[in-house]
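Each of the two complexes below includes chain A, the first together with chain B, the second together with chain C.
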Partner chain A sequence: MRLDKGETLAIVGESGCGKTVVGWSILRLIEPTSGEILFKGLNIMNLRGKRYGELKRKMQIIFQNADSSLDPRMSVRNLITEPFRANRIFFNGDTIRELMEKVDLNEELLERYPHELSGGQRQRIGVARAIALKPELIVADEPASSLDFSVQAQILYLLKKIQRDYGVSYLFISHNLNIVRMMADRIAVMNMGKIVEMGRTEDIFERSAHPYTQALLSAIPAIGSDRRKRIILKGEMPSQSEIPKGCRFHTRCPLKKRICETTIPTTTEISSGHCVSCHLVCDTG
Partner chain B sequence: MFKSARSILDDKLALIGLSTIIILLVIAICAPSVSPYDPMKINLQERLSPPSLEHPMGTDDLGRDYLSRIIYGTRISMTAAALITMISLIIGLIVGTASGYFGGIVDETLMRIVDIMLAFPSLIITIAIAGILGPTFENLIIAMTVTGWVGYSRLIRSSVLLVKEQDFVVSSKAIGCSDLRVVFDHIVPNAIAPIVVLATLDMGNVILGLCGMSFLGLGAQPPTPEWGSMLEAGKPFMESMPTLMIFPGLMIMITVMAFNFLGDGLRDALDPRIKAKVEI
Partner chain C sequence: MAASLLEIRDLNVKFRTDAGLVDACNGIDLMIRERESLCLIGESGCGKSVVALAILNLLPENAIISGEVIFKGRDLLNLNEKEMRGVRGNEISMIFEQPGTCLNPVFPIGDQIAEALRIHEHLRKNEAKEKAVELMVHVGISPQRYGEYPHQFSGGMQQRVMIAMALAFRPSIIVADEPTTSLDLITQAQILDLLKKVSQENNISLFLITHDLGVVWEMCDSLAVMYAGEIVERAPIYEFFHSPMHPYSKALLGSISKSGFHPIGGSVPNLTDLLDGCRFHPRCDKCSDICKKLRPKMTYFSTRGVRCHHYSA
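Take a look at the complex of A and B:
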């Protein structure tokens, strides 16, 4: 999985498939058990001390739940200046004003506390905290899912605007495919902790190859006659402690073949930048 | 906060507790000006006199004015209880936060020490320490602090464990806050609120313990006008002059009850869920 500068990569998948784990591991909020994470060519797993601190500043996160990600006992002013204070970076009234303006918040809100704000305002503060240090990568962990519909659009628009202004890259974690289609340049589809298909947004939406992706796509509510036939997955998601042998999706796959139960599928690039790991694809293409 | 203040005012018992405590505090602070006599002044001519206009609570076996002694006793009990609670809270806060936040070996070590302390009845440890250090009031305060912090550290640890997992803590770590900053800016302010309430509730028990130990002769020594030692000093005259035991006993009861009423009220106000359950 790679993410270029100024690009948005979306990770989609059902609940509990490991989307958030990926995001949190990148920021080392949880320690990955294996593998490596490269940022600007450096393996952040091995970095310590000052170098790591500098690098860490370039990566920020926007949380899913704006209510719980802001300390209820801190005023807005303290919340949005925390990034500067924590990293001993100079700031003044202008810095705060500029930041509040960037996320379209009125300065009058500075002395308020999170519980006095609306959900949209809270999420904007979350955004302000993330962009305060001018990061190059922002992990957006379902940034809009706790908000109502009209506010969602505002927040997403704000994120787009920030990307334009700063050239920041997003790792956009979501289960809402409509939002993903609007936001993402590329999409990675995850099932049970593995990426099963990855490609440009058009490739995934128009030419999806993995049965899991197709099932996900068919679940998008659509209006009018272009409604696709729903693929309903049978059975429950296997538990994380007993991951199925072979393809991790075979227990629920509608197109399962014998080989799926025994062999882990390899990843094949079916067109430029569009990778799939599925036996069906390997055989036919 | 405003809401909880309102519901405390609505709660009659808590209100009674709060006003009693305020009155007791005023008495304690203004003891020299509200007490009619010097509590230490011996007047053998007037020894063991019954309550009268001159001496509203009578005099003790050395002719000292009992009301003045009770008033000064308020001051002693209140300061000692506040001191014990505060020091216990501070030690408990340090131990509990370190143990809850860092976990692992720090947690194991600290909590095993706490377990050892909890394994003995606190009264026995208090008696032992007070006995070893010698029976003075200062040593009793030390002894009660040694046993007092243990419970707080447990509570603060569990409170810290809850707060630690919240998104805003993860968020400030992602932003680059150091452990120290996370602890002082986010964890302590959010974890301590319920504990402070508990500490209020506990003040009554601390006063009870102080007086009990003094009564046993392990705390304040006779000339000091402390309720527990006054009870002890009044014991030989229980039949001839029962007021010598009734008044200090009453004061202890009133104070402890006031703190318990207020503590209950505070708990209901800060955690309405408990109360709601009872009402159903």
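Take a look at the complex of A and C:
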């Protein structure tokens, strides 16, 4: 997949489908088994030492769980200046003030510790740490899913504002399609470690072609939708250690054909930038 | 209209804590009819789980409770522990948010379902096992998994186990406190579908607690919105989504809408140190002088009620 400058690409899928693994691989928090990751044209898999360090500054992450990703023994001041210290970059009071202002936190909080903050404030610290070094790519791994809805909206609004101000790109990992719809320019749908459909947000929401995407969309408890018209998938996701033959979704697919059990589907571009890997789509298109 | 099954009247719950008295629930009035599904919605810390726990008399020792919880003509708050045990599970069942923490990790799933049957209905071992298998099939768990342990079940499957246990004694009400919050979308759809199916088939009323407006829409006939320990609005589902009345309800519905994010400014008030007047006034865009001074009363219209000065006569 590809992520352009200033763009938001969302990866959606069930828990355990591998969305976080993709995000972490990009930052090499997990070392990928094989493949290439190009950041501004450079294959980061081959970079080492100082050059990698410089590049890495441009890529940051916001973790899902702000409670466990902040060191409980560090004050807010230490937490938000850690990126500077770790990279030996100069900072002063103005830098701190500016950063706190960017994430709408009061300066009074600087001497507090994580346990004294609310979930929303903690996540704002997470955002401040991520944007401190002015990165060009931020991997946002379920940045709001542990938060309440009104706080969720505040954090997402903040992320949008930061994107507008800095032109940063987001790889936005989420299982909440309502949120993804508002955040993303493009969406990649993942099932069992594979991207099954990718396209612009309106392609996915209005012209989804893969049965898995359609099931995901119909699972959104959307207000105003017809309560009865729902695709409920039967059964559980198979184990990642016993991946089914053929199409990985065939065990749960409501539209399964014989070919799906034996042959892995190829990816077809059904319209500009809208790719699907499903036998049913290849047949008709 | 069906008869009322459970009625909560002027329920107040305060907690004694080191930080002072926490005013968790204030003047809660709610009613659940037979076969109705009622939803209580609100942010974390607004006191919605406290209401659920108060119904079943499961609040901790430091709680000061007043009011009435009338269920089939009896006030549950006046029952002693032994009488209450006869209500819990038999008449009112509860499903919690984290099914994993409610199951015993060292006993097989099937035995845990059967254990409840043996204790409550005094069934013999093989009778209980038969009934447990029946319940497992009913909620969509293969009987072959009878001997498996909780850690071998996914979150969704664990929640099915909890539903099986909740159904074991044909209760009249199931109280479900955020039953799908820890599950992902596909599993959530499966579990909600199951809950709806079993409650309709067995004529069970559902008291659902959630913070997800989408879930409310899917599941409920009517809802109550809670803010800082108070019910601020009660309405049938279609009327609520069509025309929310309370400024908080409006802000909730507007906070994530198709037109983008409109977060509600400010944050939830501290329940140990509440301001005078309406509890929502510091965050309300329609706040006027009276809102800062006087606590609004619930104003009732034909099918709905709202706690806001802007609607009182």
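Definition applied: the second predicted complex is superposed on the first by the 281 of 285 C-alpha atoms of A that agree within 3 Å, B and C clash if a C-alpha of one lies under 4 Å from a C-alpha of the other, contacts with A are read in each partner's own complex, and residues count from 1 in each chain.
Just so it is clear, contacts are C-beta pairs under 8 Å (C-beta built on N, C-alpha and C of every residue); 3 or more make two chains touch, one makes a residue touch a chain.
As the structure is a computational prediction, the values presented were derived from the model and not from experiment.
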{"item": "Clash or fit, chain B versus chain C on superposed chain A", "value": "fit"}
{"item": "Contacts of A:Asn65 with chain B and chain C, given as first, second, both or neither", "value": "first"}
{"item": "Which superposed partner A:Ile259 touches (first chain B, second chain C, both, neither)", "value": "neither"}
{"item": "Partner chain in contact with A:Leu55 - chain B first, chain C second, else both or neither", "value": "neither"}
{"item": "First (chain B), second (chain C), both or neither touched by A:Val21", "value": "neither"}
{"item": "First (chain B), second (chain C), both or neither touched by A:Tyr157", "value": "second"}
{"item": "Chain B versus chain C as contact partner of A:Ala86, first or second or both or neither", "value": "first"}
{"item": "Which superposed partner A:Ile37 touches (first chain B, second chain C, both, neither)", "value": "neither"}
{"item": "C-alpha centroid angle, chain C to chain B via chain A, nearest 10°", "value": "80"}
{"item": "Chain C versus chain B, contacts on chain A by residue", "value": "C"}
{"item": "Chain B and chain C, minimum CA distance [Å, superposed model]", "value": "11"}
{"item": "Interface residues of chain A shared between complexes with chain B and chain C", "value": "none"}
{"item": "Chain C to chain A touching residues, read off their complex", "value": "43-44, 154, 156-157, 184-190, 192-193, 211-215, 217-218, 241, 251-253, 255-256, 258, 260-264, 267"}
{"item": "Chain A to chain B touching residues, read off their complex", "value": "24, 27, 29, 53, 56-57, 60-61, 63, 65, 68-74, 82-83, 85-87, 126, 129, 132-133"}
{"item": "Touching residues (chain side chain B, partner chain A) in the complex", "value": "166-168, 170-178, 181, 185-186, 189-190"}
{"item": "Residues of chain A that touch chain C when the two form their complex", "value": "14-15, 118, 120, 148-154, 156-157, 160, 175-179, 181-182, 215-216, 218-225, 227, 230, 232-233, 236"}
